[in-house]
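This is the structure I have questions about; it appears just below.
Note that the chains are named A, B and C in the order they appear, and that numbering of residues resets to 1 at the start of each chain.
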Amino acid sequence: MRRTFPLVIAFIMGFVMMIQYFIPHPISQKFYKIMVQQWLIIISIFFYVFAWRSFGLYHINKIKRRKEGWWASVVAFVGVFFMLLAGFGDRIPGFGNFIVKYFNFDDLYNYMFAPLQATMFSLLAFFIASAAFRAFKARTLEATLLLVTATIVMLGRVPLGASLWKGLPEVVEWILMYPNMAAQRGIMIGVGLGMIATSLKIILGIERSYLGGD
Amino acid sequence: MGFWDRFLKIDRRWIFLVVWIAVVIPLIKPLGLPTHITPPVQKLYDFIDDLQGEEKAVLLSFDFDPSTMPELLPMGVAIIRHCFAKKIPIIVYGGLYPQGVGMAKMAIDMAKTDFPDIVYGRDYVFLGYVPGVSLVILSIGESIQGTFGNDYFGNRLDTLPLTMSVDNYEKIGIVVDLSGSSIPAAWINYAYQRYGCRIGCGTTAVSAAQYYPYLQTGQFVGMLGGLKGAAEYEELLERNGIPTGRREATIGMDAQSVVHLLIILLIILGNIGFFYVRRRERRV
Amino acid sequence: MHISTNPWVWIAAILTLAIYSFLYKDNPFYKFAEHLFMGLGIGYGAVILWYNSIIPRLWNPLAHGTSPSRFYLLIPVALGLLALSIFSRRYSWLIKYPLAFYMGAVTGFSVPVSFEAYIFEQAQGTILKHSMFSNPWLGISNIIMFIGVITTITYFYFSKHHKGLLGKSARVGIVYIMLAFGASFGYTVMARISLLIGRMQFLLHDWLGIIK
């Protein structure tokens, strides 16, 4: 019940959905439509509890054990509370208008969540500049080739490159469209074969890590 | 310790400061460098443009979150403006991630200010989030109404003129996917390969290089790569007399040029220092 | 200079500067902003899921629908509810059923389309056709492309030692891979800088009104 039956379910569903692709019969198409439009989407809604559980357990544990920086976990829960208040608070009798006016859902997203996330990732610009100075060394022929190509692409992909030499954007486009594309295609074919192999391993029950332990 | 030794060990915060200055100064004092249009962007623009009068809609999917907003949001705004100007029906889809919904809403609010005569429900519809990624892409191929039920605002899709006439990929001229991850490949796998729907892509510069095989096979109609791609699309709108608003991507390209020069200089200086120190150590 | 009077813009600017304070060194302002972001993200996802997915896909059909076949939806609901067993140590093994159902189905329909998208179409694009030689430079470029695809694939073939012809082919493949990685690196630098430019535009235009 715990190990074999789920693997049998995975095999049946995998096999059926795979061959369904080749069967145009109305029953096959109806089955596909029900699975894809209804059943699987509804099941995936419930999988969100995994993310919420992970988040909750980690921060509750940090607060309970008073680990260093536990106060920040309180801030995280405050953030959740404010967003839920903004999303559902308009239904609270007597406070609905206040919530809509001062805890507007769109404003919380536009002026708090979006700037925070955008700024966090913009920190990478500074780190890549620092890394460019410290780590990107032309130690070998291959590294030199990589750095020269990167330099050409960096220059050619900005208006300054075209101002320095009119033909530079075309050179960059050629590099991207031919040698780069060739290598990316080779990698893509390898990755594609790997993905198909992994999918078949999941269907056949050889790969079971997604089910966790017993 | 010689000059190069000290230089190579410089506190990285000085480098941060130099990068910050290199970004801020061109924003305050623009260089006004012209934008060069590349074939992948031109192809996407032309394909969307040719949909005018075809009674097929554009499905614009915002599959990104605010972490890639500076690159991808200007693309979304530009494409929405293009569709509004040419009266091409557009379904703005909040995307396969929940955070994309906010991005899509932001783009619509930014784009529609210059088009007071567009009507919600007839010229555009805004769809919210449904979990499932590949399932949603497949499900749209069967029925948009069956997939979403309501639009983002809670209106039933079978009451809106646009979604009453456009219910699956047969009536969608192109899906343009804006994403910083591998989601464009998922649209190709499921929407193009299974349903034959044409796909266009707006992607971050990080992912742009790896999507060229799809361009060559024609699986992608065209591609906007990074801030430069967004700037090129804005330029095409400008050249064709379509209101572009503030042209955020184009404004950023001058700063991009200066910082790229700075990064190249840092790489060169770092390598000079590295080889100088190594040669000196070998002599010793 | 037209400093914004919108309090929300000021909140966004202060949070932006709190994150940037990390560049000097890690500090409580950065930690505050970082954890606030985490919490807001979780809350936002929950609200969107409720209004855009749970209400129209589950609640409305079951509570307000009229078709008797709508009760078949209770089967995936029951499977989905098994996911909640993760909160119980004793019954958490029940989660394997919805996971197996979902993963089996998703991997099943991904296999045929992956073959088409990643293998057949890419192989088709690699095969040298007459139209690829419409002019000499295009012909040379496509031959370069063809050689590149073959040699890159041979580089990733690790079942045999890279000796002899395979070794030479792999060496050529490395050159193509380095060109591709160089292009990717150049693009990656561009991407990261773009993110910073976006934030600076917000601070200088939306907040301080220094730039137009």
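In this text, contacts are C-beta pairs under 8 Å (C-beta built on N, C-alpha and C of every residue); 3 or more make two chains touch, one makes a residue touch a chain.
Please read these numbers as outputs of a predicted model, since none were measured by experiment.
Touching both chain A and chain B, which chains are there?
C
Please identify the chain with the largest separation between its CA centroid and the CA centroid of chain C.
The chain farthest from chain C, judged by C-alpha centres, is B.
Quick check: how many Å separate the C-alpha centres of chain A and chain B?
One centre to the other, that is 16 Å.
Need the CA-centroid distance for the pair chain B / chain C, whole Å please.
13
Taking each chain's centre as the mean position of its Cα atoms, how many Å separate chain A from chain C?
4
Out of chain A, which residues touch more than one other chain, so two or more?
21, 36, 40-41, 44-45, 47-48, 109-110, 113, 115-118, 120-122, 125-126, 128, 132, 147, 151, 154, 157-158, 176-177, 180-181, 184-185, 187-188
Of all the residues in chain B, which ones touch at least 2 other chains?
Within chain B, the residues that touch at least two other chains are 16, 19-20, 23, 67-70, 99, 102, 130-131, 135, 138, 194, 205, 209-210, 213, 216, 226, 228, 256, 259-260, 263.
For chain C, which residues are shared contacts with two or more other chains?
23, 41, 44-45, 49, 51, 53, 57, 106, 109-110, 113-114, 117, 122, 125, 145, 180, 183-184, 187-190, 193, 195-196, 198-199
For chain C, which residues count as touching chain B in their complex?
Residues 23-24, 41, 44-45, 48-49, 51-53, 55-57, 60-61, 106, 109-110, 113-114, 116-117, 121-122, 124-125, 145, 180, 183-184, 187-191, 193-201, 204, 210-211.
Within the complex, which stretch of chain A touches chain B?
Counting only chain A, the residues touching chain B are 21, 33, 36-37, 40-41, 44-45, 47-48, 106, 109-110, 113-118, 120-122, 125-126, 128-130, 132-134, 136-138, 147, 151, 154-155, 157-163, 169, 173, 176-177, 180-181, 184-185, 187-188.
If you look only at chain C, which of its residues touch chain A in the complex?
8-9, 11-13, 15-16, 19-20, 22-23, 31-47, 49-51, 53-54, 57-58, 72-73, 75-77, 79-81, 83-84, 86-87, 93, 95-115, 117-119, 122-123, 125-126, 141-142, 144-153, 155-156, 173-190, 192-193, 195-196, 198-199, 202
Within the complex, which stretch of chain B touches chain C?
Against chain C, chain B makes touches at 13, 16, 19-20, 23-24, 27-28, 67-71, 94, 98-99, 101-102, 128-131, 134-135, 138, 148-150, 152, 154, 185, 188-190, 192-194, 204-206, 208-210, 213, 216-217, 219, 225-228, 248, 251-252, 255-256, 259-260, 263.
Note which residues of chain B are touching chain A in the complex, please.
Residue positions touching the partner: 8, 12, 15-16, 18-20, 23, 31, 33-36, 38-39, 65-70, 99, 102-103, 105-106, 130-132, 135-136, 138-139, 142-143, 146-147, 194, 205, 209-210, 212-213, 215-216, 226, 228, 253-254, 256-264, 266-267, 269-271, 274.
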